[in-house]
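Just below is one structure, and these are the notes that go with it.
Chain lettering (A, B, C and D) follows the sequence in which the chains are written, and residue indices restart at 1 in each chain.
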Amino acid sequence: MKKDEMMQFKSMVIFNDQISPGYCKIRLTAPREIVQSRPGQFVMVRVYDGIDPLLRRPFGIYDLGVFEPEYPNMPKQHYLEILYKIVGRGTGILQSLHHNDYLDILGPLGNGFTMGNEDDEKILVGGGFGLAPLYFLAKRLVSVSNVKVFIGGRKKEDILCVTEFERLGIDTYVATDDGTLGSMGLVTEVLEKYLSDGGKRRTIFACGPGPMLKSTAAIAELHGISCQVSLESNMACGVGACLGCVTKGSSHTEEKPDYRCVCKDGPVFDSRQILWG
Amino acid sequence: MKKDEMMQFKSMVIFNDQISPGYCKIRLTAPREIVQSRPGQFVMVRVYDGIDPLLRRPFGIYDLGVFEPEYPNMPKQHYLEILYKIVGRGTGILQSLHHNDYLDILGPLGNGFTMGNEDDEKILVGGGFGLAPLYFLAKRLVSVSNVKVFIGGRKKEDILCVTEFERLGIDTYVATDDGTLGSMGLVTEVLEKYLSDGGKRRTIFACGPGPMLKSTAAIAELHGISCQVSLESNMACGVGACLGCVTKGSSHTEEKPDYRCVCKDGPVFDSRQILWG
Amino acid sequence: MKKPDLTVEIAGIKMRNPVMTASGTFGYGEEYSSYLNLERLGAIVTKGLSLSPKAGNPMPRIVETPGGMLNAIGLQNVGIEAFIENKIPFLRTVDTPVIVNFFGNTEDEYAEMAERLDKIPEVSGLEMNISCPNVKQGGIAFGSKPDNAYSVVKAVRESTIKPIIVKLSPNVTDIVEMAHACAEAEADGLSLINTLTGMAIDLQKRKPVLANITGGLSGPAIKPIALRMVWQVSRAVDLPIIGIGGIGTATDALEFMLAGASAVQVGTANFISPGIAEKIVHDMERYLVENRISAVRELVGALEIQ
Amino acid sequence: MKKPDLTVEIAGIKMRNPVMTASGTFGYGEEYSSYLNLERLGAIVTKGLSLSPKAGNPMPRIVETPGGMLNAIGLQNVGIEAFIENKIPFLRTVDTPVIVNFFGNTEDEYAEMAERLDKIPEVSGLEMNISCPNVKQGGIAFGSKPDNAYSVVKAVRESTIKPIIVKLSPNVTDIVEMAHACAEAEADGLSLINTLTGMAIDLQKRKPVLANITGGLSGPAIKPIALRMVWQVSRAVDLPIIGIGGIGTATDALEFMLAGASAVQVGTANFISPGIAEKIVHDMERYLVENRISAVRELVGALEIQ
């Protein structure tokens, strides 16, 4: 999908289920063109047809698909899935939606991940709902590349998608702060250990909380591995018009500022393009 | 129910059906105390748990009842019904509610109709959703008094509750502006003709659009019949605190103003207490 | 942990907690007495009173706007005499400080009101509404020029020994300047904000919705403006502040306190949930417990700015 | 009935309809070109430009508030040079008037900007944002004192023959006084309103949400204030007015026109529905048809006050 072909569409809820305490997965109908979305791109969702909440909420694309029509002569229906954490008003309303309810969606937006060399080992690093775009990415990568995924979180409940990754035949490495799942500690420590063999050509793809991204970027730098990170920011427009979502680029100084729009220039950036605060 | 015993309660939607184009009836669970509501009282409904819309919307009580529990050992459930016209944002959202959705309700509020002498013939005059409180009133009156109801509206679709009144064994007189139901013209003309026999002792109860009330009040005055009218007004609080809903009382002058709260002093007033603008 | 301390003292008025009801949104207290326990409130602020009864504006007087409402009640009130006769007896039975909101058309009227109120033992404090047009100054509000504000507050100061809280209008270029004028005139505290002037139009009728054409905007919509003004004034002026504007939750209330308010008033939210003021007190207490804060006072002005 | 006439002329700029996009909410036009037909708009107003590129404020820059949003973008822009080089080529291909919003830190900067813009044929008009702090006057906004406004508008007037539209700040006691000052300085039109200054606080972090502490409030929440100001100014000052503030539907737009606006700008609503400006044009046309109004101009100031 070319950038010029972003869409605004009405979408119907197919299902909307809790997948772990505080996390839900929602499947939404989408026009056929949605198939051109790339992993790492996101959509802006309007959860209420009114002013409360007022602004759209950004969510990464977790999965795409087609489901077979109920009656023989109906056309196939494309869908997209979002995996979301309930944090506030917008996600709270999202959670209350039922099958057959409608939503207004804008997207796909932003730049996705660059897949890179097929022969590279692909290292996915994520936490919380950061797993959402990584799962979509993994599905695309797994047929051509060797993929490993590193998942971190505070406690067991925050570790999402392990089964889904395993179903793709991908090795998962899990770490939790409290040791309730996988090894105890930070997932970046597990990553560090894994990478210590040196050797292979690798690419890292990371999405998750800021500190996790920062530390992943540092590890990548250290090992000379190319690393793409998907960032988050408060957003209003999602299309580069409001300049509300910027992050500092690597050449940023007080005198010669270098601000990049997370929505339009990102949300995926090469980790070396970012000034890590 | 004493005035002091108004309630705020969460209520579940039992059903919510269109009864005529643009008009719906909604049945809502209510605490047991609701049985003490009097015809003419109203409730303030919060249709959305947020700020859009912000204020509650007032609706007259259309009916009360109890439905038998689904399972033998469950307690009986009281309910109230509202009959509403879809006019804007709040009623639009109300219409979209389904069985099992929740609403927040305040009430019953205001003063209801005074039933008056049992021997009087009771003349009910209404239009549009003004029929709602009149139906509740009729149910109470019909067992002890002779009741007639006069229903007016622009066209057939605006004539509500005819079957319901007939089911109570009440004679209905219908008039529409365009003659699509009943006689063509104003319902107050039909009323005028009906009253021309003089004779009987009567009381009039009216609820509907301003001009209908004004003209009914004038007719009552002419025939020396006592007349109670239920008024409408923009409301914020519904309890007499904001002074937003006032109407001019009969003794109102620029110098010595006489404002009455529709919510607390009404919504039902003796027609002679009102200054008809 | 023991129960957190919710008490505050504003302008010498001791309150069991910082949550009051805003003038004009809570009648004279009695209207809401069946919905909440008035003795759980920090204080009750009455509908604005004047020397003689005031009729108020013609209808319609209110209209909902996005996230807020406009009102043009026109300060309808029973007048000081009827207040003493009919409202005080009820308020006397409630063990909660009563703050009387009042206004006048001239400085003399303000002063006379203050003198009258000074003599009522049930009145714990005076809240001066200075958003009203000054008839002698061609209708320019007392609250829109620092000089006018100074002189009317001064006149009131000389007429009462009760605490004077001046309620500021947000319809000004520089709210800090207004606050300074009140401080100089020896006010004991400031309430902010009153409503912002707004308007609503009915497209089909081609008419203003309100009979008065314009009205005062209140509700959640104005909260960011109110917070900003409280923050600006609290940094600049050494008077206790009562934060008002769109408060509907304990979170809202505590945000105003972080910004520098020593107490808050709940206005429009009363209309939506009659028991809301009491719920805010309850939730505030829970917040303090959960965050191990021993006294709500600790939060006043505790906003961290780097 | 034949198609209604939607054309308007503001400050000498002919537009096919009264619906423009507001500065800072529509980028430089291109950002939204895939969502709507830019040639269905009355005019495009660019992000505010300055002489040299401006970095803007640190993050976070935006936060949602009840019925609105606060922004503290800090006027980040590419600067006039980059605008000419990188943005004009695209805008040249679009057959819609371009109005350049601009600002400066000093009167001289304003004048220099006007001189530069005067020479760009693709620029149909200039919209002066005077809400910015005047560095020489100790940071008090040009837009908050009539004298300052007069003198900066005068300076711009002397630097260009293109239409000058002055965009007024609502953070003032008397908007009419500001409008008069601009009229006297020979502005050709007025845009109102810019954002109201507000603030949001994060209770858990005990910090302002915005890095800049305060920000500008926009969106539906401010509509009643904007309508009131448009109405006040249109009755008092004989300049065409562009109404701005919370417009999201054709009804909103037409209400502003009844209040006295000859055209409108759509801001925050673009973020919510990228195609909204075009939809407003469409719905406005339908409204005129349904109500048998032959030209939208007939509605300007047609509010009936009894």
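The rule is simple: contacts are C-beta pairs under 8 Å (C-beta built on N, C-alpha and C of every residue); 3 or more make two chains touch, one makes a residue touch a chain.
Quick caveat: nothing in here was measured; it's all calculated off a predicted structure.
Each chain gets a centre from the mean of its Cα atoms; the one farthest from the centre of chain B is A.
Rounded to whole angstrom units, the spacing between the C-alpha centres of chain A and chain D is 36.
Rounded to a whole number, the gap between the C-alpha centres of chain B and chain D is 47 angstrom.
Centroids of chain C and chain D (each the mean of its C-alpha atoms) stand 34 Å apart.
Across the assembly, chain C contributes residues 66-68, 219-221 that each touch 2 or more other chains. Shared interface positions of chain A, i.e. residues touching 2 or more other chains, are given as 51-52.
If touching chains are joined by edges, the resulting network of the protein chains shown connects every chain directly with every other. On the side of chain C, the complex with chain D involves touching residues 65-68, 70, 144-145, 171-174, 196-201, 203, 205-208, 213-214, 217, 219-225, 227-228, 231, 246, 251, 254-255, 258-259, 302-306. Residues of chain A that touch chain D in their complex: 3-6, 8, 46, 51-56, 104, 106, 233-247, 257, 259, 264.
Chain B meets chain D in the complex at residues 51-52. Chain contact summary for the complex, chain D toward chain B: residues 66-67.
Within the complex, the chain A residues that touch chain B are 48, 50-52, 89.
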